[in-house]
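What follows is a structure written as structure tokens; I'll ask about it next.
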Amino acid sequence: MSTTDTPLKPYSREWLLSDRPASRGQARLGRAYVIWRRFSENRLALIGLGILILLLVIAALADVLAPYNPVRGDLRNARLLPPGTAGYLLGTDDQGRDILSRLIHGSRLTLLVVVLVAIIAAPIGLVVGTVSGYAGGWVDAVLMRITDIFLAFPKLVLALALVAALGPGIENAILAIAVTSWPPYARIARAETMTFRNSEFISAVRLMGASPLRIILRHVMPLCMSSLIVRVTLDMAGIILTAAGLGFLGLGAQPPLPEWGAMIASGRRFILDQWWVAAMPGAAILIVSLGFNLLGDGLRDALDPKEAGQ
Amino acid sequence: VTPADTLVEGFAIDDIITLDPGEAFELSTAEVTANSYSKLVALDPNDTSKVVGELAESWTVSDDGLTYTFKLKPGLKFASGNAITAEDVAFSFERAVKLDKSPAFLLTQFGLTGANITEKAKAADAGTFVFTVDKPYAPSFVLNVLTATVASVVDKKVVTEHAKKVTPSGDYKYDTDFGNEWLKTGYAGSGPYKVLTWRANEAVIMEANPNFFGEKPRLKRVIYRHMKESSGQRLALENGDIDIARNLEPGDLDAVAKKPGMALTSAPKGTIYYFSLNQKNPNLAKPEVAEAMKYLVDYDAIGATLIKGIGEIHQTFLPKGQLGAIEDKPYKLDVAKAKELLAKAGLPNGFTVTMDVRNNQPVTGIAESVQQTLAQAGIKLEIIPGDGKQTLTKFRARTHDIYIGQWGSDYFDPNSNAETFTINPDNSDEGKNKTLAWRNAWDVPKELSDAAKGALLEKDSAKRAAIYQDLQKKVLARSPFVIVFQQTEVAGYSAKLKNFKLGPSFDTNFVYTISKE
Amino acid sequence: MTLTDQTIATRRSRRRASSFVKAVLRFVVTAVTTFFGLIAVTFFIGRVVPIDPALAIVGDRAPAHVVERVREELGLNRPLYEQFYIYVKQALSGDFGISVLTTNPVMADIARVFPATIELATVGTLIGALLGVPLGVLAAVKRGSFADQIVRVIGLIGYSVPIFWLGLLSLVLFYARLKWVAYPGRIDIVYEYTFTPVTGFFLLDAAWQGHWDVFQDVFRHVILPAALLGYFSLAYISRMTRSFMLSELSQEYIVAARAKGLSETRIIWFHALRNAAVPLVTVIALSYANLLEGSVLTETIFSWPGLGLYITNSLQNADMNAVLGGTLVIGAVFVGINIFSDLLYRTLDPRTRSR
Amino acid sequence: MTMATSGAPLLTVEDLRVTFPTRTGDVQAVRGVSFTLGRERLGIVGESGSGKSQTGRAIMGLTPGHAAITAKRLAFGDRDLLALSRTERRELRGKRIAMILQDPKYSLNPVMTIGRQIVETLKTHERISAPEARGRALAMLEAVQIRDSERVFDLYPHEVSGGMGQRAMIAMMLVCGPELLIADEPTSALDVTVQLDVLAILDKLVAERGMGLIFISHDLRLVSSFCDRVIVMYAGRIVEELPSADLAHARHPYTRGLLNCLPTIGTDRHPLPVLDRKPEWAL
Amino acid sequence: MTSAVSIRDMVVTYDGFAALNHVSLDVGAGESFGIVGESGSGKSTLLRVVSGLASFERGSLAVNGRPYSSSRRDKEFYRTVQMVFQDPYGSLHPRQTVDRLLLEPLLINGFDNIEARITRALDEVGLGSGFRFRYSHQLSGGQRQRVAIARALILEPKILLLDEPTSALDASIQAEILNLLEQARRDRDLTFVMVSHDLGVISHMCERLAVMKQGEVVETVPAKALEKREFSADYTRRLLVASEGFRRN
């Protein structure tokens, strides 16, 4: 530690940006701060982040925020009321349920789907891809064949078939989406691993006597993480859309769950006269997946290793 | 815009799987065959309790009630130009029985088998067809059954030409398929229209039959275009892309009704919608619970919204229009009463139960509505949506808790419904007679079954009706079926059409009378 | 859509190494194993579907003994491996059996419905590529400008919007309200008589036979779903074009081209785009493949009688023959397009050409 | 075609500055560089990042769009380069001022044959028929010592070796007969033995055509043996300018340090002298 | 004198192309051995084979008298042999701090006294602890190469393989690194095998050198021989001429 330097105030901007961090923590925070700065320069990305934070807040406080019970409606008196009707900001659906309340509660399902798919599919893809890429040879051949088979399937059709097989329901929809979404991650992780596999810094680790497992876990995987995170974030939008598509086809969440895609499906019948029943959940999906896309885009720019060098 | 000589109907025809009258048992197919095939007898469209001759000029019933002799009208021709003879009638009966497809039981219930069919249904001469049954059934019953699609007369010559050789097996003892494979998509009839093409989930296209013996159809072509969605049908109707929309839902009905240049027509159909409470489920098996369920349906709200215009609240098992049907409606939403009953059943806090629901309307909507009303009494209902085939598979395997189903009479006679709701001779899983009562694992009290069986042999229509009336009341009170409504078929159509009318059943939805301005 | 960038990255890295013959061999192996996998997975799914396939054959109202007999006929009572063996054997001989839903051979059905999907996807891809590439180039050249932001937002919305929802709304707008486009479906049913398609691609057939009224009708049918799919692929293509162009524009040979005194127009549209075109071909091909296989929802909304709708219908009716056949065909097309795009890649990129 | 009126030097650079705006503030890559060039070989040396390339690119007008270029005077003959329109600037490039980039592997368009790339330069600047262009290109290839020029003409860049590619690059840049050539580390990606071949070609062309040459390199020894004059850059500035012959008498400590710290065969200096950077050099 | 590294008749081929073609070499313990040659002549391949990063098809390899097979290397080996790579930008993990980079080998090989070792290693290469928590992108090329050297030395190897350790660096920085390497060698009594295409560097650093061309060793001579031009191969002469700068004739 150079004593000549006046010690920087911890957690200040200068401390974070310091060229010579004095501790592991500072180094890590500094890196995070640099990424954050790069990320936050992108106004669109911030909007995306804002949308998602809002989504989280809404999901967390759904019980407080929603004016009505999302599953119990008033079939007799409140059916298909247009937006703005007293008490029903976004109108009601064909069971006389408040659409706003359903959207608010539906955010939980949306989050559930993306989070679960992400934590199922991404690790599978990461492991398969890194192992395949690092090991090469027949391991690679076998794993990639399997990946290819899953890739060659029409994604939605496979998901449909799986849901049809397992029975409709949000859990099965999640499983089906997860099963169909890991292969691209495996491909990405593999491609990236292959570029690192023969790089000198991996050779250096090998020369220290590190085992292949250690190399994959501690050296290769962290490198694949950022592109994987970016990819997953960008894919979240696709996952939401697929889940909504399954819901739309009646194979996702079951009634009365306020799943947005299923809400569109049930609103479809009223699209001509009661447009809001289908339009509102669609708009919600659009906004949230746009949020994920904006965030992913921003993350990509921020995490891009090419720019990190400067 | 549809051409002047063509009628285009928007219709959900995804249930069609075959056009062979000896095999077909679907509602849409019934309509298609009704317009393209002829039968010996048909329901009188003006009074469905009567039967009139179609190919048959007259008929007599022997005194012992076992032999029916039909005289054919002279000079009849198939669309192919071949003459229609009693041979063709006998052949049609023979192939239906021997093929033994879904609708064959309609004929075999009269004691026909592959072995005796050529004896029991035969041509005495070219113009005389003799039909022998095994018991002295009520003639109204026999004749009603003979108005069903399965009794359609096919062109023996044409069908035989297309017959395929098959190797006999234990299940199927004949060396020919009686043209079944070809007739699935082919046509060999004599109705007002002949079928040109059927493409699954797309369209059925029919063309006027120049050889039709009756009143000539007005329009050259009739096209059934498969459209699943009500809103789509309405749109297409409003834009003039179809002439008739057949599957309109309440909201769209209202809209069409208000549109100038559009008209609505409706007819009650023999289809009723019910909740089936599986008696294998210990909770549902309690009579109090079954009764509580009947109090937990918001009939009024459902009638006023979800099925407005497409159905009428109806709680007995015989649809309006059939012999002996009554209109008792003792149940209405009464949560307090239901709670009381549940408490009596030892379930004051309710219970959790699943319901298999087809993915279509109004069934899903009703299920969701009931889900909410059940919740008020503490019953947590989980809806398991599925496609028709999927929910049906479960229902047939008796693995459901609650199934929301629809039942359309197999033929226009009270026995069809009475049998299925009240006859269950063997309630074990191996039971052969898989009626709705069996599927619901309801061990029907003998008293009820016997009444249903007795009615079948009652020749006096009035007495027969009385038996059914009594039976309905008992079933209403005691059965684990919550019957909710009877379907009303509605169609929106362009005011340009003249003489468009829906019949009381699908095989009476005739199109040949329709003309266009 | 997701695999592309990586696929390209991988391809780029290995394009030098493998020779043409080797590549073809590799594809054959991939194709064969993939097919086998497809068959296996489809079969497996088909067997665990809780729908009784027999029901599809006999209909909803069939009595029980009829159902049982059909089950027997279908061999559904035999051990699984035996059923699988039969499946594989039939599939390999190109016989996917009879579709119980339509009673036609599955192959015949597919031959009938697939052109519809191809036509839709082709028009969609044309729209997507013809607009997407120029937009992507524009965005890359004017990086950070307002135009770039606009292109980016257009693209992001394309990625984010539920296509079935957009389809519904646009149907209401363009069909119900404005009456610009025709009713969902492929062709007005009344043209069934006047018009006999030859190739199954109605636009081509109509133009070829000079049925301009039919052509117009078909066009009015195809344009909306194709525009939707096109928008989706535009979003993807423009985004990829932008990133490819950016990476090409930062290459040294672009500096060299400037040093030669070439005009910016030529540098962008000839030098950079010609290089970007190499990976772009893969992107467009993949987006095409995706439209082919991913148009299920669009076909549902627009009642487009294509393969996606066919498969969904079959699936819902437990028509496993049709599902297996359809899925295999899509798998085959997917692999085929992959091979095709790779070959195209090789012809476009001299570095992969062997001598 | 004709050179600017005699008297004016081929190139005049006075107080050239190149500034890049970055996240962390402006970066001055070139800070007030001045020199003139006649028909001679001028070497520019300096360590990595000292602004050599940016100087060359600024003269060519190839600086990235977001950078700012200022100069008291930047003149080619008597034409003020900074006053020219984009089009006029472009017309000069390749025709009268040319530049050879460092690495042939990345500087040739990978999807065009070498021949086409050479012809393209010609066609951009001269109205010329296709056969004639081809002939000139072939001749130029031969001039850079490519023997079977017909074959190489139809090869793609990846199909030739680094040395061959660099020659093609030279041919492409010289085919229009420029008066000024800027060579930015033209040989650093090449093997030592090939390096000399390429240099020999450049040397010959300069001698024969009477071009002015700016030779950018970080290799002081190479520059001094190849060029007539040497400019030494440090942190965007010129710290010393002197004839090659006087290199031994360089005065600036940086130049001397650079010369000193190279290990050579036959001198036995352990440890090697290292450069002791003084902050004031960068001022 | 036992050989630190002994290579006999080694063959390495890639897709039928012989990257090493019957190469034999002996490097004595404590010796500094240079390898020069053109690009693609197999210099790096040779080092990679010795270190176990590439496998050989034929021939034999012995390190400190112990024979090693083509693929397997044990922990003991890695504590004997370490390598410094050519490209300082590529040989450091882009997501790890210097601290983590130096920690890793210690953890893998179960060293104790970790704190002290890291501090010492950094001091040794002249970086000091101010650099300890920097990421590699926060370092200059010369600093990176110092970290790489520290990482190699921290396992206290006996033999250091150097693959063009300075060719990516400016001349002034090159001098610093070369001095550092010489210092380390002296302090630790290391054996060097150093690859470079710069004859000047090799003659400065090494006692003996091998000249390679197209996968073969053209000749092996003492460094002094360069000065006196006492070598037999014409190729060596051409290399020497080329390294002396441009000559107009």
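First chain written, first letter: the chains are A, B, C, D and E, and each begins at residue 1.
By our rule, contacts are C-beta pairs under 8 Å (C-beta built on N, C-alpha and C of every residue); 3 or more make two chains touch, one makes a residue touch a chain.
This structure is a prediction, so every number in the text was calculated from the model and none was measured.
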{"item": "Touching both subunit A and subunit D (chains)", "value": "C, E"}
{"item": "Chain closest to the middle [Cα centroid of all protein chains]", "value": "C"}
{"item": "Gap in Å, rounded to a whole number, between the CA centres of subunit C and subunit B", "value": "41"}
{"item": "Subunit D and subunit E, separation of their C-alpha mean positions in angstrom", "value": "33"}
{"item": "Gap in Å, rounded to a whole number, between the CA centres of subunit D and subunit C", "value": "51"}
{"item": "Subunit A-subunit B separation of Cα centroids, rounded to whole Å", "value": "49"}
{"item": "Multi-partner residues of subunit A (each touching 2 or more other chains)", "value": "164, 167, 268, 271-272, 310"}
{"item": "Touching two or more other chains - residue numbers and ranges from subunit B", "value": "235, 387, 390"}
{"item": "Residues of subunit E defined as touching subunit D within the complex", "value": "38-39, 141, 170-176, 178-179, 182-183, 197-201, 203-205, 226-227, 238-243, 245-248"}
{"item": "Subunit C contact footprint on subunit A (complex, rising order)", "value": "44, 145-146, 148-158, 160-162, 164-167, 181, 183-184, 187-188, 190-192, 194-195, 231, 234-235, 237-238, 241, 244-245, 248-249, 261, 264, 268, 271-272, 275, 278-279, 282, 285-286, 289-290, 292-294, 297"}
{"item": "Subunit B residues touching subunit C - in the complex, by the definition given at the top", "value": "2-3, 6, 8, 14-15, 17-18, 24-26, 100-102, 104-105, 171, 181, 184-185, 199-203, 205, 223, 225-227, 232, 235-236, 238-239, 241, 387-390, 392-394, 396, 408, 410, 432, 434"}
{"item": "Sites on subunit B touched by subunit A in the complex", "value": "229-231, 234-235, 249, 251-252, 255, 298, 300-302, 304-306, 359, 361, 364-365, 367-369, 371-372, 375, 382-387, 390"}
{"item": "List of subunit C residues in touch with subunit B within their complex", "value": "50-52, 55-67, 69, 72-73, 99-104, 171, 175-176, 179, 182-185, 188-190, 192, 303, 305, 309, 313, 316-318"}
